[in-house]
Every structure is written in C-alpha cells, then in structure tokens.
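The two complexes that follow have subunit A in common; it is paired with subunit B in the first and with subunit C in the second.
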Partner chain A sequence: MVETNIEWPWQYNFPPFFTLQLNPETRAKQFQAWKNLILDYCKKGKLYIIDVRESSHIALFNNSNINRKLDQSVIISILSELQRTGHAAPVDKSKQRWEIYWHTLDEWANMIYDCISSRGLQNSVLTLYELSQGEDVQNEEFYGIQHEVLVKALQILEKDRKCELILSDSDEGVKFF
Partner chain B sequence: MNRFKYASPLLIDNENTLLCENNVRLYDGEVKTNFEGGELIITTHRILWGRPGAIARGETCLALMHELIVYIEEETPSAFSFKRSRKILIHLSEHNDNDASKPISYSMYNFVKLSFRDGYSNNVLGTLSQCLQVRYWEAKLLPQIQDNAPQIKLRTGIIGIERSLQEKQKAADENLNTAFQDLSKLMSMAKDMVKLANAISTKIKDKQGDITEDETIRFKSYLMSLGIDDPVTRDGYKSSNQYYKGVAKELSDFLYKYIEDMGGMMTLTDVYCRINRARGLELLSPEDILSACKLMESLQLPLKLFEFSSGVKVLQLSSLDSESIANATSLLIEDDGSISAEELGKKLGISITLAKERLLTAEKYGKCCRDDSIEGLRFYSNLFLTKEE
Partner chain C sequence: MRRRAGLGAIQKQKLEQEKYKDKGNEIQENQFEQITKQLEFFKVNLEEFASKHKNEIKKNPEFRRQFQEMCASIGVDPLSSGKGFWSVLGIGDFYYELAIQVVEVCLATNDKNGGLISLEELRERLIKARGKRKEHQEISKDDLLRASQKLRIFGSGFNVIPYGKGKYMIQSVPGELSMDHSAILTQASASNRAYVTVSFLKQELNWERERSENALDHLVNQGLAWIDLQDVHEKRYYFPSLFNECVNTS
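Then we have the complex of A and B:
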C-alpha cells in the first residue's frame, strides 16, 4: 500500500470521473485524465505493479470521500490504452496484473545508459542490485527500480548492443559497452 | 330375407322381450326357407328367430331390426284352409348393408313372411305394430341418474384438510377450464369475424367511388373498435389521408398550449390520454393518432413527431431540435450541479421517461456526463470538456 501526499486533480472529486462516459468526446477526455492520473500516482508512489483485483484497496481507484469506485473493466480498458503508448503492460494473460511504466522502457534504457556513460562505467560489469539499489545511483531517477522492469529496460539496451545481460547464475549482472 | 342378420340373442341396452312364439317358419318373400319350426321372439328392438332352445342357450340366431320394417299385415288365410296356420307379411325397406354375415345374402323380395304353424298364442300383430309405432330403438339412452347418496366426508386430521383443499382446487380448475373453453370459442369466432371484416373492406376498396368518405371512416372505426387491423387504413391510404389530416390538426390545436407549458415535449401515451380525455366520446385509436402525428411535419403544424434513439416517441414543438433540447437541459443541470431523471421530471413537470430522454440527448451532445453509482444515475455538467486543465 502506497501512501502518498499526491495532489489529486479536480477530476478525482468529480463523481462522473468514476463512470464510463458514453459520449466519445467526453470519454476521450475522461480517459486522458485517468491516464495522466495513473502515471502520476505511480510515479509519486514508486508503484510498478497494479493488480486490478485489488483496485478497491488502492486510493487511486477508490475515492472514499465521494464514495465512488472505478469499475475493474474500466480500469482494464484504461490500462490497455496506456499499453498502446508503452506506459503499461499486462503481466498475466487475464490482464489482472499490470506493470506500469511512468517512463516507457525506452526512456528507462536511455536514462540508465546516459548515467553509465557519464560515469565512464562502460566495459565494466555491474550487478543488477548495484544498478538499482547501489549508493552510486541514489540520486538517479531509476533508483529503486523494480527488478523485472530493470531487466526489460536492459534487454532493450542489449538489443542495441550497448550492454550484455548476465542472468545465468544467482549473481545477476550486466556489462555495458 | 337378406335383411336378416346373424346376431346374439342377448338383449342389448334398453331392449325388452315383448312376446315369444313357437313353431315359426320364415319365408323369403313367397319362397319357403329352411328356417322352420323355430322360436320367434319379438323384442322392442328386433325380431329374433332361432332353432328350438337356441335362444334360451344364447346361441347365434337370426335377427331383423325393427328399423328396417316399413309395415306389417296379416295374410288372410284362403277359404279352403282348415289349418290353424297364420302368416304375417313384413314389408322391408331397402338397405345397403352388404358386409355383415347373413343367412341369405341375396333376395329378390322386399318382404318376408312369418308363418305361425300353430297360430298365435299372443296378439303378435298388435304387439308388433305398437312396437313399431313407439319406435323404441330410437329412444336415446337416458342419462344415468347420479348417485345422490350423501357422501361421508372424512374430516379427520391433516388428511381431511388436505382432501378438502384438493377438492377446492379441482373445482377451481374445472371453472378455469370451462372459462377458457368459452374463450377459445370466442377466438375461433374472432377468426371468422376478421375474415368477414376483411371481405367487407376489400369490397369497400373495390367500390371506393360508391361509398362516401364518411361511411368508410365510420366502418373503419367499427373495425378498429373490434381491435381488428383494417387493411383499408394502409392500402386505401388515399381515402383516410384526409381524416388523418383532420386529426393531426385537431391534435396540434388542442395540445400546443400544454406542450409549450411542459417544456416542449409530450410522450405519445400522454397525447393519447389527453386527446381522448378531452373528446370523451368518439375516441381515437392509438394507431390513428400515430398516423396523424406522422403527417404533422408535412402539414407544417407547430408540433411534430420525434423519436428518440431509444424508440420513445414524443410530440414536440417544431421549433425544438435536439441541440436546443440539449442546451436547455444543460442549463438546468448547471443550476444544481447535478441532476437525476426524477429531479428533472419534477422540475419540468414531465414524465421520468421523457426527462431521461432529455438527459441522454444532452449527453449525446456532450453537454453533460453521467455518474452511475449505487445511488442511481445522475448527470453532471460536462466539466471534462468545459473545465480547463
């Protein structure tokens, strides 16, 4: 449970925000507001995974002040929209667990590589733990990044021949070029 | 003689033995047959002839049904005859019963003779002719008198109660059945009536020139009051067009003020009730009202028929269109911030159905947005579109 002092947008206290709007124009606006809010919320709370089944326990989807909840099917369709822009991906086939990327994987990959090259760490090997939890990266945006997300970001770099992942033993590491 | 059949001497229902004679010979017309010296029994239904003792034993014998007998007469014995023998001539009607097994299958005579060698011991002729007059065989079986013995009702314990309940149920069932029997009778009648109505209306159609407009309309209203679709209405639209135009004009004259007061709309059900309440007599059928409303727009009347996407039909002011409805509705919502169909209905004095249609129209134009919660469906001003980020 992430407790954050997020500044809720005005929509959050507007009851129709929690009902799927039928007018296409209205719905587009509604979804846009939701997408922004979800990414903002996850970013502030460092939330990488959203489980739709637990949506009623997440303040984001359940505004107890006005007693409104967002329907799970609506959540899934909003997350599917986020998926289209690379900001989310379902973990399971039933689309109940979602990884949320408030930075897209490409953005994460670039961020990590920029950091590495600025520190001149090319051609050196780092463990994934060092990369995400190490003291050196404490001030970086990707500090505390979730393991799965990190691996996916590094895989993108690997495709560009900018690093090589070593996932064989228990000590997972990465070598940057 | 071919009218005789083989039959069992056992008496059939309601049959009684009238008399019995011995030593009787049968003649086929004038010709003697081998059936001689037998027993003759006359019952209320037939004449039976059998070999001596055969009838008593219940063996098959010859039978002649009374219904075949045309008339009977006694043959006057010749002056020289000293015998006691008496003969009775029985004239018989034609019959075509060929398949039954008969002692003699073909005969050229239409009469038989019964020869009583020893004379009669009874008044054969009188009894027989009386029997033929009464025509017992035609008497129907009397319905059996119902057993009126008082039934002892078991009223002991639960079973007793259950039984009486069952009886009540059974009685109710029977009532229902008879009721529906009548109904089905009515239905079958209705079919004929529809057929008749159709026939008449086609006639009217064929002779449209001969029958005045008024008569056509009156006849149509008869049919309508029977709840029968009148083909004249649809096919002969030309003749009813004038009528609908009149109705349309009346509707708009009468309802314009009300509809204006009610926010510019009225459902067709309300229209139907209002106009018929106002008329009192000579009521309009829903069909006629609908047809008349359809004409309104082409007649350039101040009212017109409008159908919401949900299928609800209303009469509304011609000046009104969906967008102005949406705008007016959104202004109302802005007053309160949010509104439900019930509240809007109360506010405008219109039905909830109509209020909901207005809100949905407003939603379609993006003038409001919905909030569907356990408290019900409410509509809010569309801040999504109007409020700047």
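Then we have the complex of A and C:
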C-alpha cells in the first residue's frame, strides 16, 4: 500500500483514537480528526480507493507502533460521514470499497474545465489518457487522476453541457465545449 | 484604715468613677486616632510604594507575587479594587488582561483537550501568544493562578483544580470535579502515561471498582477522558490534556 511521508497528527499516536468513543462530543471530535486524516492521507499518497476489508494493511488504519487498529465498522461510519459532504462514495452495495474524493467531484470538474479553457482546448477532442496522464497536464492537480473518478467528474461537466464523453470500448475520449 | 461613712464619701467616690471613665474614653479615643493615623499613613505609603514601583510590579513576576502577599496581609485586594487609586495603577488591569488571555487559550485548545489544560501548557501557549517583549514573557504560574481564580466569578464554568504537588489544571467547561477526579488526574500524571485503569487505581489508591468506575465514567461524560478498549488486559482511560504529543502540538 501507499507509504507516505505524511506528518501524522497527534491523535494517530493516541491509543483511544482507534476506539469508538461513546461520549457524543468526544466522538464528534474523533470523527472530525479521522475525516481530516483520511483525506490528507489519500491526498498525499494519491490514493483514490480504500477497501475497508484491506484496512489492516493500510498504515492509516493500523498504527503498529502502538498496536492499535480502527475497527472496520467504525471506518465505514466515518466514510459514510465523508459521503455526506461529497468526499467519498461507496463503490459496492456492501460498502466495502470506497472512492475517496479529497477534492469533491465538483471541484475536480471545475479544475479540469478551468485548465481546458485556459489552454483554449474547447472544441477539441482529448483521450481520457491524455487528460489524466498526458505530458501537458503533468503539473496539474488532477494529473494521474483515477479513471473512474475522472469519468464521474466529466459527467458533471457533461450535465452542464460543457463537454461530451465518448465512451466506447476501444476509444475513450472527451470533447469540451 | 477605717472607711469614712456618709454622703460626702459616696459623692466623692462617684466623682472619681466618672473621672476614670472620662480618662478611659480619652485614652481610647487617642488610640483610635493613632491607629487611624497609622493605617492612613500605611495606606499612603502602600500607594506611594505601588505607584513608585508600578512598572516593576508589571514587569517582574516575583515582585508581583510579593506585592500581592503584602496587600493580602492588610486585607487589600488590588484585583477587586476597580475604583480608587488602584484602578489608576492598572494592577487589576494586568490580571484582567491575563484572565482574558487565559480564556482565549482555553477556548483555542478545547477542541483537543476537552476543556482541561495543565497550568504548564497554559503558560507556554499564553506566552507564545503574547508579544515578544521581555515584560510580556515574564508571566509566572502564580500570575496565571491569580488570573484564573478571578474567572471563578463567572460560575462553575471555570475552575482551578489542584492535583499532585503544586500542580494545577484549569478546567474551562461547566461541571464540578470532585476530590476523586483530581486524585485520578494526579495518578494519571504521576504515571507519566496519560492514562489510568481500574486496577491501577485499586493498586495506588486502594479504591473499589465501583468508586473508580463512577469517577472515570464522569470524566468520560465530561469529555475529559477517552476510552481505549484495545489493551489486552483492561479498559484504559486516557487524558489528552496529559498526553505529551497532544500538549506539544501546535
């Protein structure tokens, strides 16, 4: 998994951080800290997918130094809270696989469209590969964006009639307006 | 000598008694006058002293403490004297300003420590937030205690809790903490691990399980303690306010 040079917050070494707190106020603080940490961790490591079943192999949820793990059911509750603000979405029905949006889909969409307009690339067709891995976008925040996330962001733009997706098996591309 | 009898003798006795009484009153009045004069003199001196050393009092924490003690010994509280010459001196202001900064630090750290902060951490944070000039830096724990104690007038929302030897915690959330709670804080602090367990309290304080659990549950309900269920032996109760990484985080 991703080993990042993330600066862990103090909570990460605080053993009770890995136990669901029963006091509502304390739990609210705990969840807030977890939400920030998850987004930060994913952003630093460019991690787009979290599989809850794999959580014990992810340093984020398993601090071996203090021998503490976050329970899978707790992880799902926290991710569900992130879902409410558009920062995560389950991929499967059992809510085991999650897409993590450290930028919300709207933010990704705006970022991509801004980049396209500033380069005057409206009315031209780009492959999704070019858009996410191309040399031209190397310095963009969305460089290396995961395919599924990219498609979802583009679908938002499509709804606003700012682009049209061409999704066939062999050729995946997008035309911006 | 045979006592003289008769009316004259009685009258004479009465006269003498009155004279004694007069003299007594006179002496009493004299003394009162003298003491009033002395007190007046002392007060003038204290005022003179205070205004002469005003800057010293503001700058030097040790001086400040001694001055406070001197005032206390004659029943003057420069902090509660908002009127009169003390207000001109601004000594009260010094502590009021400090008290406001204490509240600010408490609010700013509430998110991580639940409203409980040690005097040491409070002092470090407060000094960091104050200006860089030397007089801004020289704030003693005694100053902070005085300032914090002033905040009690706002009710139970602000408390100074002694724990251990010469150690204090400032509690900035409503809710009474009892002797048992400060005893637990003392143990958690002394253990250097920022947590306690029921069996640790049994061992150190010889408390029954129920007593420990009651007190610990209260601390959890107040948001001051966090529970950890992943130790193989037993439930641990952690205090972020005593957890080093939490204390040192910015």
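By definition in this document, the second predicted complex is superposed on the first by the 176 of 177 C-alpha atoms of A that agree within 3 Å, B and C clash if a C-alpha of one lies under 4 Å from a C-alpha of the other, contacts with A are read in each partner's own complex, and residues count from 1 in each chain.
Basically, a contact is a pair of C-beta atoms (placed from the backbone, for glycine too) under 8 Å apart; a residue touches a chain by one contact, two chains touch by 3 or more.
Please read all numbers here as calculations on a predicted model, not as lab measurements.
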Exercise. State whether subunit B and subunit C clash or fit side by side on subunit A once the two structures are superposed.
Key: clash
Quiz item: After lining up the shared chain so the two structures overlap, which partner does A:Lys29 touch, if you call subunit B first and subunit C second: first, second, both or neither?
Solution: both
Quiz item: Which partner does A:Gln21 reach: the first (subunit B), the second (subunit C), both, or neither?
Solution: both
Practice problem: Answer with first, second, both or neither: which of subunit B and subunit C does A:Asn13 touch in the superposed model? | Solution: second
Exercise. Kindly classify A:Ser64 by the partners it touches after superposition: subunit B alone (first), subunit C alone (second), both, or neither?
Key: neither
Practice problem: Please pick the stretch of subunit C from 43-51, 151-159 or 187-195 that overlaps subunit B when the two structures are superposed. | Solution: 187-195
Self-check item: On subunit A, positions contacted by subunit B and by subunit C
Solution: 10-11, 14-16, 18-19, 21-23, 25-26, 29-30, 67-68
Self-check item: Complex contact set, residues of subunit B against subunit A
Solution: 338, 363-364, 366, 369-373, 378, 380, 382-385, 387
Quiz item: Residues of subunit C touching subunit A in their complex?
Solution: 111-112, 114, 195, 220-221, 223, 226-231, 236, 238, 240, 243, 245-246, 248-249
Quiz item: Inside the complex, what are the residues of subunit A that reach subunit C?
Solution: 9-11, 13-19, 21-23, 25-26, 29-30, 67-69
Exercise. Would you tell me which residues of subunit A are touching subunit B in their complex?
Key: 10-11, 14-16, 18-23, 25-26, 29-30, 33, 67-68
